[in-house]
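A single structure is presented below for examination.
As written, the chain order gives the labels A, B, C, D, E and F, with residue 1 at the start of each chain.
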Amino acid sequence: MFHILFLLPLLLSTSHASVNDFCVADLKGPDSPAGYPCKPPVKVTTHDFVYAGLAAEGSTSNIINAAVTPAFVAQFPGLNGLGLSAARLDIAPGGVIPLHTHPGASELLIVTEGLVNAGFIASDNSVYVKKLSKGQLFIFPQGLLHFQLSYGKSKAVAYAVFSSSNPGLQILDFALFASNFSSSLITQTTFLDPEQVKKLKSVLGGSG
Amino acid sequence: MFHILFLLPLLLSTSHASVNDFCVADLKGPDSPAGYPCKPPVKVTTHDFVYAGLAAEGSTSNIINAAVTPAFVAQFPGLNGLGLSAARLDIAPGGVIPLHTHPGASELLIVTEGLVNAGFIASDNSVYVKKLSKGQLFIFPQGLLHFQLSYGKSKAVAYAVFSSSNPGLQILDFALFASNFSSSLITQTTFLDPEQVKKLKSVLGGSG
Amino acid sequence: MFHILFLLPLLLSTSHASVNDFCVADLKGPDSPAGYPCKPPVKVTTHDFVYAGLAAEGSTSNIINAAVTPAFVAQFPGLNGLGLSAARLDIAPGGVIPLHTHPGASELLIVTEGLVNAGFIASDNSVYVKKLSKGQLFIFPQGLLHFQLSYGKSKAVAYAVFSSSNPGLQILDFALFASNFSSSLITQTTFLDPEQVKKLKSVLGGSG
Amino acid sequence: MFHILFLLPLLLSTSHASVNDFCVADLKGPDSPAGYPCKPPVKVTTHDFVYAGLAAEGSTSNIINAAVTPAFVAQFPGLNGLGLSAARLDIAPGGVIPLHTHPGASELLIVTEGLVNAGFIASDNSVYVKKLSKGQLFIFPQGLLHFQLSYGKSKAVAYAVFSSSNPGLQILDFALFASNFSSSLITQTTFLDPEQVKKLKSVLGGSG
Amino acid sequence: MFHILFLLPLLLSTSHASVNDFCVADLKGPDSPAGYPCKPPVKVTTHDFVYAGLAAEGSTSNIINAAVTPAFVAQFPGLNGLGLSAARLDIAPGGVIPLHTHPGASELLIVTEGLVNAGFIASDNSVYVKKLSKGQLFIFPQGLLHFQLSYGKSKAVAYAVFSSSNPGLQILDFALFASNFSSSLITQTTFLDPEQVKKLKSVLGGSG
Amino acid sequence: MFHILFLLPLLLSTSHASVNDFCVADLKGPDSPAGYPCKPPVKVTTHDFVYAGLAAEGSTSNIINAAVTPAFVAQFPGLNGLGLSAARLDIAPGGVIPLHTHPGASELLIVTEGLVNAGFIASDNSVYVKKLSKGQLFIFPQGLLHFQLSYGKSKAVAYAVFSSSNPGLQILDFALFASNFSSSLITQTTFLDPEQVKKLKSVLGGSG
């Protein structure tokens, strides 16, 4: 009755069809507007779909008392082309993820430990801020300025998930004060006082 | 010097521009291929961007010893149009999220408690399975059959995040044995024995 | 009056503009999330836009009494990037295309010969089944389990057209019983009896 | 053992998730850039996924000895949002589908009867023409001028499938000579002789 | 010979096909993630495709000595769903369009009068700045902080064109200092000095 | 206090994240359906985001008394993947940009000098024509036949902006009469008289 041979033509004829089930990034290949070229399917293993880099706590022994550990396509090539990525946020008491944007993605925040105050500012300058506890979600629409900070007495941990495998991350203070954006242009385009600009550049290492 | 009045023309002229920063779902409106109509911006509040429904543990006192609690657009209207949604998985020891697909999204799994065995089957019938512990990620490409189960002695918790605000969820056993898909068509299209179909239909409540 | 020379600047200045009219796949290049790299336009000929591989009847001398002959991008490189592909279904009397999904595309079925019974199961376990005759169309939404079978006394032929140049094809029975998905995991994630699994694995060649 | 009650929470919690499996057009609702609003899921039946309007032969008793019968979203609401539509071409001997474009879709042609000569012109004015017989496919990239004609002694039938549920159809002769596009503007923008324009307008009913 | 009657079946059968050639926004309808519902095609006139609101010079008698006049979908409903919009920039000598982002679009700048200094900051804090004169173009990738200012002795005019019909506009200083974003949160998330925040809030009208 | 060292982990961990802020085309690489591969970020400079090629007037000393100067991705590689491109139109008095389509983009026209008569024809053969003056905008929906001509006594200049970095440009007269599209097929598929075809082919250089 049933006979294994009937499988051959079907399996052969669709042997290429699985290629686009996924497209694990070959990070050595050139990037493109749609992502990296695919690793040859024959070389793909289970490890390409797993990422352990967010299991360890990020160090918060720094000025912001916080850490952002990304699992973007550059760290987790299996995400390539699938419209998702993640980051782990560790925020010590008093720590803060400073105002920033993701130019290419919306962000869904999941608090898994501690207390997080999160918020964003919309195009019409409305401000949406909420204190979150474990298990609560917050959605930040694409490209808007937002922040997260710990407001409890113990450390907070959260996972940020993005609607792109490469969401980008532009931290406002770093863009202004850790870059070589000239102080003259900064004051002209932000109305900040030159002294303020000079002070933050000296802290954050900016030049220009 | 600086004068507040300069703001008026700018603010007025862009007063409508913020509408598409986000589009909180008006779930009473008709759905469309791109999602729900937007709630009027003037009625949007911070609560629209927050969801607390995943904070509570899902009940695992059921046959699969597991629970899937969704935070899709129907539960969390702020996700509308932003290409993201989530679900909380609670899996008691020995529990299992049976084989299923999400027809409209890829899934990124984040284990936050316990031990989870997860896997998927690709179009070319390759199988990718991995035992995961806390903090590890697994990516399931769109539309493929996959599962999660607890393999430890204590309960597992994980968050599944999706690349769509409405990813869909087709559970294989429910599609076959909890529906009114006729037993005759099931045996013809799956080669399962009629006795097997009958047995599972009686358990899962299927008819036809 | 009219003078051929006026053409030169216009034609020259737009000489590169035609590249993206189409992007015939260079199948030797690495795939990417958006498809294959383009064959150099200068090497493109009419043959790249034509495919004759569906003209011949597929052999139905097999266990399912049916054949699926694909015209996906791997077979018909001219489809690359254009969001379309096709397959020819030949179904002998009593033949069946078993339950399957296309993870990356919706499917429009056009019956051109004989009588076809077709159906799909939705996420909410609703079942949609219809007996079709020559010239009738059936649309299967993306990623859902569906089937086609012949219910007449003569052979049926149909064309399936997909909303992607590489829709994927996951046949349920092959995923479960022709793969190396372990029997233990199958029974845990489907509730099928071990005997049933063993029986179908022996027929379909699965291991594990 | 197995108990039906475990289904309740799962089924309830995902009861809205199936909405976007499909979105059958409510043609009375206003169209949008992404398509029509969805018919309420509770009113959807199998008939929404089936279309019989291409089963009948189109009349070729007209000046072009051919007929185009569309199955776009306006005729077949189940296609809404799924990125696919179709048309049936009936071409009597000597008949022709005049030069036309589909502004919003690529087209895959499947010849099912007779002999069809088909071709398109690319942006760089390259011409791709091929004589096709039964079972052969031809892909027309989006937005380019193309045609189909019968070159055999018997009638030809073909199905055109499109990468949009509403591909549009701009027939060159109708746009120029069956519209109220002023003759003066036509001669200025096409270099056709006024007499030619006048002649074709009188045939095709154009004014202006 | 030629006969007007042959047109009737063709024209009738495609009478709905033109709907999605365009989708002029009905701004009274609810917005959706894909844009506004379409104005009924029968009410569409040429005026829907024309916008004269950028013909007049914007007033630069304000603190920034500059004006941004938008032609987004809210002003120019014909743009709905077509992935394009525009704005006119008038910049008096010494004027500046302060640092801002467009959360939902890239921007192509075309200088048509005067001298413009333009620049943006990338995610890795690289700065790209260029002095532009009449007829030069500058492309600002989506979501990144950028600015334009006049550096000549006479007024500058430029057109900004966007890759969305509703690109959004988040002006950094307004988000921080013209909103009700609390001063405490600002200093925590930007490291600006409280005095600086207080000073700019008093100028720009912010509260909180 | 503030310490520069805190930056190191953050900056390092996101060092790859900026790649997809932009993807300047490497035009030597193979094109793909999503555009060209990216130039290595380390080689990108400000010049990649600037294009001066539209600053110079196009020569209108030709039969159409007009010029189209493109700034598509092939000329301005910084546009790659950003969904925008442009062209400069110079139209001498009496000049005309003949009927044409852009198969892959909608077009927004900005008149910056002189008087332009512009129009398009929709799928249902409706004609939309408008006389424009300086500063006025006209939107041409994707893929439809349209034209621009100068109707004033002095030269007109306009910028056309497109919703794709490679919109394509199919000029009707060139497609028909400057190609090798056979005269026999032209008359069959357009109903033009053979004499008309022959006359325009001799002017425009067509063969076949």
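Convention: contacts are C-beta pairs under 8 Å (C-beta built on N, C-alpha and C of every residue); 3 or more make two chains touch, one makes a residue touch a chain.
Quick caveat, the model's predicted, so the values are computed rather than measured.
**Student:** Could you tell me which chains make contact with subunit A and subunit B both?
**Tutor:** Under the touch definition, subunit A and subunit B have C, E as mutual neighbours.
**Student:** Mind checking the rotation angle between the two copies, subunit D and subunit E? C-alpha superposition, nearest 5 degrees is fine.
**Tutor:** 120
**Student:** So using the touch definition from the top, which pair is joined by more C-beta contacts, B-D or A-E?
**Tutor:** A-E
**Student:** Cα centroid separation between subunit B and subunit E, in whole Å?
**Tutor:** Once rounded, the distance between the two centres reads 35 Å.
**Student:** Take the average of all CA coordinates in subunit A, do the same for subunit D, and state the distance between these two points in whole angstrom.
**Tutor:** 42
**Student:** State, to the nearest whole Å, the distance from the C-alpha centre of subunit B to the C-alpha centre of subunit C.
**Tutor:** Inter-chain centre distance comes to 26 Å.
**Student:** Going by the touch rule set out above, which residues of subunit E reach two or more other chains?
**Tutor:** In subunit E, residues 2, 11, 14, 17-18, 21, 29, 32-34, 103-104, 122-123, 125-126, 129, 141-142, 144, 168-169, 174, 178, 191, 203 touch at least two other chains, as defined above.
**Student:** So that we know how the chains sit together, what is the shape of their touch graph: line, ring, star, complete or other?
**Tutor:** Drawn as a graph, the chains match no named shape, so other.
**Student:** Return all touching chain pairs.
**Tutor:** The set of touching chain pairs is A-B, A-C, A-E, A-F, B-C, B-D, B-E, C-D, C-F, D-E, D-F, E-F.
**Student:** Which residues of subunit A touch subunit F in their complex?
**Tutor:** Within the complex, subunit A contacts subunit F at residues 30-34, 58-59, 62-64, 67-70, 72, 74-75, 103-104, 164, 166-169, 171, 174, 178, 203-205.
**Student:** Which bits of subunit D are touching subunit C when the two form their complex?
**Tutor:** 2, 11, 14-15, 17-18, 21-22, 41, 45-47, 49-52, 54-56, 71, 76, 78-79, 82-86, 88, 106-108, 110, 112, 120, 122-126, 128-130, 132-142, 144, 159, 161-163, 191
**Student:** Under the definition above, what is the set of subunit D residues touching subunit B in their complex?
**Tutor:** Subunit D reaches subunit B through residues 1-7, 9-11, 13-14, 16-21, 23, 26, 29, 32-38, 40, 80-82.
**Student:** So in the complex, which bits of subunit B are touching subunit C?
**Tutor:** 96, 98-99, 101-104, 117, 119, 121-123, 125-127, 129, 141-145, 147, 149, 168-170, 172-176, 178-182, 185, 188-193, 196, 199-200, 203, 208
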